[in-house]
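Next come two complexes built around chain A: one with chain B, the other with chain C.
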Partner chain A sequence: MMETSMNVREYSNISMIKGPLVVVQGVEDSAYNELVEVEMPNGERRRGIVVDTQRGVSIVQVFEGTRGISPTGTRIRYLGRGLEVKISEEMLGRIFNPLGDPLDNGPPIIKGEKRDINGEPINPATRDYPEEFIQTGISAIDGLNSLLRGQKLPIFSGSGLPANVLAAQIAKQATVRGEESNFAVVFGAIGVRYDEALFFKKFFEETGAINRVGLIMSLANEPPVMKTLTPKTALTLAEYLAFEQDMHVLAILIDMTNYCEALREISASKEEVPGRGGYPGYMYTDLAQTYERAGKVVGKKGSITQMPILTMPNDDITHPIPDLTGYITEGQITLDRNLYNKGIYPPINVLMSLSRLAKDGIGEGKTRDDHKEVSNQLFAAYAKAVDTRGLAAIIGEDSLSDTDKKYLMFGDAFERRFVSQGVNENRDIETTLDIGWEVLSILPEKELTNIKTDFIKKYHPAYRGKR
Partner chain B sequence: MAKGKVARVNGPLVVAEGMKDAQMFEVVEVGEPRLVGEITRIEGDRAYIQVYEDTSGIRPGEPVIGSGAPLSVELGPGLLGQLFDGLLRPLGEIYNLTKSPFVKRGVKLPSLNREKKWHFVPKVKKGDKVSPGDILGTVQETGLVEHRVMVPPYHHGTIKEVVPEGDYTVEDTVGVLDMNGDEIPLKMLQRWPVRVPRPFKEKLDPREPLLTGIRILDTIFPIAKGGTAAIPGPFGSGKTVTLQSLAKWSEAKIVIFVGCGERGNEMTDELRSFPKLKDPWTGRPLLERTVLVANTSNMPVAAREASIYVGVTLAEYFRDQGYDVLAVADSTSRWAEALRDLGGRMEEMPAEEGFPSYLSSRIAEYYERAGRVRTLGNPERYGSVTLASAVSPPGGDFTEPVTSTTLRFVRVFWPLDVSLAQARHYPAINWLQGFSSYVDLVADWWTRNVDPDWKSIRDFMVRTLIREDELRQIVRLVGPESLAEKDKLALETARLIKEAFLKQNAYDDVDAFSSPQKQMRIMKLIYHFYQYGYSAVEKGVLVKRITEKVTVVPDIIRSKATIKNNELEKYDELESKLKAQFDELMKEVGA
Partner chain C sequence: MVSMDELLGQVLDREFNYIREEMSKALEESLRLIEQRYDEVLRTYSSKIQDLVTKAKEEVEGEKAKLDIENKRAVLGEKNYWISKVYDQVLRQISKVKESASYQQGIAAVLKREVKEGAIVYCAPDEADKISKILRGLKVKAEIREDQRMIGGVRIEYKDVGLVRDYSLDLVLGQVFESLKPKIAEILFGEI
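Up next is the complex of A and B:
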C-alpha cells in the first residue's frame, strides 16, 4: 500500500520497550505501517512496522519480538516502504516463514513479485459469485453443507477432535466433477506445534501432492506478530496463484485460535481497551480482512476456496473466536465431541453446521434434482430426532408415540450410515443422496413433507425397489 | 478553508495541526494520496480526523486540506440500479477505471454519471413561484421509477428560466431561480449532508402495512409503511436472507440496501440476482427500484460508520419525491462497532462493553429518520421511509448494548432463534418473543382488502402457538399420552401452523413470496382443520385417528410451495378434501 518511497533513515534513541513495541524518539516523519529494521549491537537484525506515528515519536512493533533488545546500542532503520514479501509460484512444494524466508534449507525466492501482504479489499462489483459444487466425498458436507468453489468455510473444532484429519481428507478428495483443474493448496500454519505441521507435510508427500502445496508456517514458540502475519502471507500467495496464475487454490489456515490469541497479546501490550474475553474490539474487522480474501473475480480463471480451522475454547461456539468467525465466513462445519465419543468419523454436527452458498451450487444440472429437498428433509428429520431423544431421556422411550420411536431409529441410522464414513472413503454425490433416501425411508411417508411427491415417487426406496 | 499538516497517524485516526479554520464534521483530504476523511473533534488548532481509506504510508508533515463542507452525497437521476461503496462511490465505475478487482484507495469518482443524458420533462414555467420540494420536472429514470427533480430545501423564488423538454446531463442547468434578486441555476444534481435529516412538512402515523410476502411478517408481526423493525440473531440465523427477501418482495416503491460491514459475496449476490428477479407488485426487474450501498467487513471502518447515514439520506430523498421507501441495513451492529473503534482511538471514555456513551442517542436518531410524512412542496404528496435493520449480538446474547438499545427504539421486533435455525425452520423468527405494535393498524387494511376474518384467525394462530409452548412443557413432565384429546388437537394444529404457514423457504420459487390472498387461504385451512377437529374430538374421535385418516395434511403443508399465487382456486380442492376426510371420521363414530 505504501506508494511514496523515501530514503532510509536511521535512529537510535529508544525511550521504551514493552511487549513487541519499541518507542523511538526524535523521528519526525515515519510513515504509518512503514517497515523498519532493528539492528542489535551484536549485528542481529529484526524487522518491524510503525503502528503509531507522531511528530517526534514513532512506535514500532517488532515481528520477531523484543527479547534481547536494549535501549542502548540498538539502531532503528526506517526503510521508506511497507512490508512486502516476494511471492512466486516457486513457493509451491516449499516451506517459508511469513516474511518469505525459506524454512526448508532450499534457496530464497529471487524472481518473485513483491506484494504487500495486507492485501486490498475485493471490489464487490467485480466478484464472481461461487456456483461450482466441490465434491469432497464426505456425505455430511456434500449432502447437507455443500462446499462451493470460492467459498470460505471454516471447520470449528474442539481440542483433540480430528479437524486435521478431516481437512487433509478434504484436500485430498476435493474435485469439481467433469473438470481437470489447475489446482494448488496453500497452507498457512499459524503458531502450530511442529508435529502438526509435519502431519500435513507427510500427508501431502504420501499423496504425491506436495509439489502443489505451499506451506507458510510459524511455530507455537514464535513471537505473536509472526503468528498474525502467517495467514496474511499465505493468502497473498493464494491470491497470486489464483488471480495471476489461474489456479484453483484451496487455502487451509490452521489454527485461527492461535491467530486470535496472538492478536490479543499484541493488543494488551498496546494497552488497548479490551473487548469480550479480552480480545480487541476490532477483532471482527481484523478477521474479516483475512477471511474475505477468498472467492472468484470476473475476468480471472482462478479461485480461492478458504478453509480456516479453529479450536473452540471449551467447545463453546459462542466464544468470541468462533462467534466472530461465524459472523464473517459463509457457514461453518462444526465438529462435535459427543459424536466423536460415539466413534463417529467425521464427527460433524450437521445441525450446527451450515453452508450459506450451497443453494446456488446444488440441484438439477449441478448435483441431482432431489438434492435440495432431500437435504431439507434430512435436516428437519434429524432435528426432530434429536429433540425426541431429549424427550425420551426424560419420560422414557416407551411413552413415545410410534412415530416418535421411528424418529429415534432414524436419528441413529443417520449418524451411523450417513454421517459416519471411512477416512479414505470417497463417496460421490449420488451415493450420498441415496444413503440419505435409505435412512429417510425409516420414517413414515407422511412425515416427508419437505419433499414433493414427484421426488418421492422417483427416489424413495419403496418405489424404486431394491437396488 | 483549513489547511494543516498531519501530526499523528494511528490507524483510521489522523490528527492534524494548524487547522485553525476547521469545522466539526468537515470533510478533508489527508496526505499525498488525498484520502477522504471527516473531522470528528477539534482541540485548539488540532483536528481529529476519521479517515475513510487505509492510512498506510501517511506520515507526519503531509498536507491536510479542508473542503469547507460536511460529508454530503450527490442526489439525482442515476442512483437506481447501482452499487456504491459506503461513501457513495460507484463501485462498478471504479472497476471500469482501475481495471483491478481490488478497491484501490484515493480513487475519486463522482456518484452520478456526468456524461449520461436524461430525458427531462419540465413541470414549471417561467414566472412560477416555487418553494422547496416543488417539482421542477421529471425524468423516467427506470421503467419503474419516475424521478422527480425537486426545488432543493432552502430555495424559493420565481422561475426565471426553464429548459424545454429534452435530454440533459445531471450537471446541465435545467432552470434558473430568482431568489431575492440572486440568479440561482437549478440542476438535476443536488447535494445533501448525510448527518442531517431532510426536512418535510409534517410527520404522520403509519397507516398501511408494508406487505412483504413473508407470511410470518405480514400476518404475525406486520410492519407498516413508515415503521421501524429490527431483526437480531446470532450468526447464520437468517438476518441477511430475511432482509434480502424484504428487499426483493416488499411492496415498496424504492429499496435502499445498505451492506454495512458484512460479506462481499452477499452484495454480489444481490447485484447479480436483482436484475433477473421481478418485483411481484409491478412485474419489473427488481434492480430498477433498488440502490445498493456496500461497505463490506474488510473495507475501512470509518466509511462503515458513514454508510448508514448515506443510506438513510437516499431513502429520505426518494421519500420527498412522494414514494414509499424501504431502507434495510445489514448490520447496525457493525456500525455501532465502528463507532466504538473510532471512539476508542480518540480515547473517549467508554460506557457499556466499550461502546461510547452516545451509542443510544445515535441509534435513536437513526430510527427517528423513519416515518410517513407529508413532504415539502407542490403538488401535495406523501412519502414514507421504513427502516428494517439487522442486529448481530455477540454470542447471540440479546442483552448486549446494541440489541437492548435498538429494542427501545423500534416498533417491530423479529428475534431469530438459534434452535429454529439449526432445525432449518426458516424464517427462524421466534413467535413467542417477537412483537409488532402495528397489528391493529394493519388489521383494518386486511379487513377491507382481503378478508374480515384475518384478525381473528391470526389471533387464533398466536394463541395456539402459546398454548403449544405450555403443553410441550407439560409433555416433558408427564409424556404425551396423558394429555387431554383437545390438547393433543392443539398440538397438531400448532404443528400445522408451523409447517404449513410459518416455515417459508426463501429459495423456493413458489414459496418465497406469498400474496396476502394466499396467506389467507392457508390460514383458513388451518383454522378449519382445528374447527373440524374440535367437533370430531367432541364426538369422541381420537386425535390419533385424525392424524391417520386426515391424509390431506401433508398436501396442505406442501401447498405453500406447490400452489402458485395465481392459482389459488387449487385451495378449493384441499378445502373439500379436508372436509370430506373429517366427514368420514364423523361417520366412524356415528355422528
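Up next is the complex of A and C:
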C-alpha cells in the first residue's frame, strides 16, 4: 500500500505573497494545475492550484484568498493530482461551492467519484445535431426563439434588468415534452450577491423546483478563483447527469460577466499582457471551453443545453463579453431596457434576439404545424409595428393609414399580451401560439402574408368558432 | 268607412305593437348585457380561482419538495454518521495493519528510496524503534522524531531544500477511505 505513493510533497519556502498568489521556492516537480493544500501556523487549511511552474519556483493561486497567510510558518502541500470534485446525482436538490463543499448545512455526498472539473472536449465526430424542442414556458422564447436540446443560447441582459428572475423561472419551468421526469437543471451562480443567492434558494424551494436543481454557487465577496471554478464544476455535474445518467440537463450559468471580471482580475495579478478592454487575450478560448461543454452525443440518450446569462456593461452589445459570446453560441435572447421601463416582464426584445437552430426543432411533429409561419409572421409584423411607431413620432398618429394604425395596436398587444407574462405563468407551446394568433387577429387578414391560408382557416380566431 | 272605435283600436294596436317591439328589444339588450357581464365575471373569477388553485398547488409542491430534500439530507447525514463510525473502527484496528508484513515492507521500501543523510523522519511514537532499526540497516544517518498526531507511516523532511515528503498512513487511509465510501455505504445500507 505504501508503495503506491500519492506523491504528496510539502514545502515551506514561501518567497512572496501577492494578491491571491503565493510564490514557493525550491519546487522542482510541481505540475501545472496541480492541487495544493496551504496549512497555516494556526492549523487552518486552504486549497489552491498551481498556475505557474518553473524550475525552482512554483506559483500557487489560493482559492480562499491569501488573507492571514504569512511567508513564515506556512506549509504548502502539493497533492500530486488535479482539482477534482466528487460528483453524483445526490447533488440534485442541494447547494455546493465549486470545490464540492455543501453550502446548505447538509452533509457531504457519499455516492459518486471524483472528476477533473476541466472536463474533456466532446469529440466533434460524435456530436449529434440538436433537433428536439425544449419548452421554457416563456412565450417570447418558445414562440419566436425556440431553444433546442443541446443548444447554447445565452441571455444578454443589462444592469438592473430582471435576468435573475427570468433565469429562475426558466429553471423552474423548462422541460422536454414527454420526458419531464428525466429533466434536470444545473444552476451555476457565479459571483452572486448574498441577496441574489437567497432569492434563488427561496425561489426553488417555494416553487417545488428544488428537487431537480443542482446549485453550484460562489458569492460576490469570494476570491476570483472561486468564481472561475464555478462554471467548470457546474458543467462537470451536468456532463455526469447527461452522459452517464441519461438525463436532459439544462445548465444555466449566471452571470458570465462576473466570470470574465474574475478572469481579468487573476490575469492582472499574474501580470499578463492584457487584451481588449483589459481582459486577458485568451478570454475567447476560455469562454469557448466553457460554452462548448454542451450538446448531444451520438449513442447517448442525455444532453446538455446551456443558457449562459451575462450582463452587458452599459447595455453595450459590442463589449468584449457579449461580443465574444455571440461568436461561440447559437444565437442570443436580448433583454431590453425600454420594454422593462414599460413594465413588461420578461423584457425580451424579439427583434434583437435570435435562435439559430430554432427552425430545426419546431413545426409538425415537434411543436405544432403552424409554429414556423406564425413565428415568422409575428416577427415581421412586430418589426413593421416598431417602424410605424417611428413614423408616427414624425408625422403624428392621425396621419397614419388605417392599416398602420392597426399595426400600432398590434405592436402594443404583442408586447402586453404575447411577450408579457407572469413570473409564475408557465405557458405551453399551444397556449403561446394561440396567443400569437389572438394578437395577429388585430391585423387585417390580407396582412398575414407569411401564413398559409390553410393555417389561417384552422387557427385564426375568426374561423375557430366556425369549425 | 272606418268608425272612431275601429280607428282608435288600430292606433292602439299599432302603439301596442310598437311598445311591445321596443320592450322586446330592450329585453334582448338587457339579456345581452347581463350575459356579457356574466361571462366577464365568470372569466375573471374563474381566472382568480385558477390562480388560487395554481398557487395552492405550487405551495403544496413547494412544501413537498422542501420536505423531500430535508428528508434526503437527514438520511444522508445519518449515513455519513455510520460511515464515520466505520472509519473510527478501522482506526482502532489499525494496529493489525501495522503488524502485517506488507506494511513493514512498504515502510522499508519508502525509506530505502527516499531517505538521505541529514533528513528528519517523522513517525508515530510506537514505531520509532522499528524505523530506527530500518535506518540502521540502511546505514543512513537520519534524525527520527516522534509525531503524536501520526498513526503510522513516515514523513521525511529534507531541511536543506525545505521539502517534506508525506508517506503517512493518515494520508493514505484518508484518501482510500474517501474513495471507498460508496462501497461501504452499499454494504451498510444496500443499494443507494
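Basically, the second predicted complex is superposed on the first by the 405 of 467 C-alpha atoms of A that agree within 3 Å, B and C clash if a C-alpha of one lies under 4 Å from a C-alpha of the other, contacts with A are read in each partner's own complex, and residues count from 1 in each chain.
To be clear about the criterion, contacts are C-beta pairs under 8 Å (C-beta built on N, C-alpha and C of every residue); 3 or more make two chains touch, one makes a residue touch a chain.
The model shown is predicted, which means the values in this text are computed figures rather than measured ones.
Trainee: Let me test your reading of the model: by the given contact rule, A:N123 touches which partner, first (chain B), second (chain C), both or neither?
Mentor: first
Trainee: Which chain makes contact with more of the residues of chain A, chain B or else chain C?
Mentor: Partner touching more chain A residues in the overlay: B.
Trainee: With both complexes superposed on chain A, which partner does A:G191 reach: first (chain B), second (chain C), both or neither?
Mentor: Neither partner.
Trainee: Touch test for A:Y11: chain B only (first), chain C only (second), both, or neither?
Mentor: After superposition on chain A, A:Y11 lies in contact with chain C alone.
Trainee: After lining up the shared chain so the two structures overlap, which partner does A:R75 touch, if you call chain B first and chain C second: first, second, both or neither?
Mentor: Once the two structures are laid over each other on A, A:R75 reaches chain C alone.
Trainee: Classify the contacts of A:Y327 with the two partner chains as first (chain B alone), second (chain C alone), both, or neither.
Mentor: After superposition on chain A, A:Y327 lies in contact with chain B alone.
Trainee: A:T449 in the overlay: touching chain B, chain C, both, or neither? Say first, second, both or neither.
Mentor: First partner only.
Trainee: Which of the two partners, first being chain B and second being chain C, lies in contact with A:P347: first, second, both, or neither?
Mentor: Neither chain B nor chain C is touched by A:P347.
Trainee: Taking the contacts chain A makes with chain B in one complex and with chain C in the other, which residues are shared?
Mentor: Correct list for chain A: 1-3.
Trainee: Give every residue of chain A touching chain C within the complex, in rising order.
Mentor: These residues of chain A touch chain C: 1-3, 5-6, 8-13, 25-26, 75, 77, 90, 93-94, 104, 106-114, 205-211, 424.
Trainee: Which residues, counting only chain B, touch chain A once they are in their complex?
Mentor: 7-11, 15, 32-33, 54-61, 83, 91-92, 94-95, 100-105, 234-236, 259, 261, 263-265, 267-269, 271-272, 294, 296-299, 301, 334, 337, 340-341, 344, 350, 353-354, 392, 394-397, 422-425, 475-481, 499, 505, 507, 551, 553-554, 557-558, 561-562
Trainee: Flag every residue of chain A that touches chain B in the complex, lowest number first.
Mentor: 1-4, 28-34, 51-55, 82, 118-130, 243, 272-276, 281-282, 284-285, 288-289, 292-293, 295, 297-300, 318-320, 323-324, 326-328, 330-332, 351-352, 354, 356-357, 359, 372, 376, 379-380, 383-384, 387, 391, 394-396, 399-401, 404, 446, 448-449, 452-453
Trainee: So in the complex, the part of chain C that touches chain A is made up of which residues?
Mentor: Residues 54-55, 58-59, 61-62, 64-66, 68-69, 72-73, 76-77, 79-80, 83, 102-103, 106-107, 109-110, 153, 155, 161-167, 171-172, 175-176, 179, 181-182, 185, 192 of chain C touch chain A in their complex.
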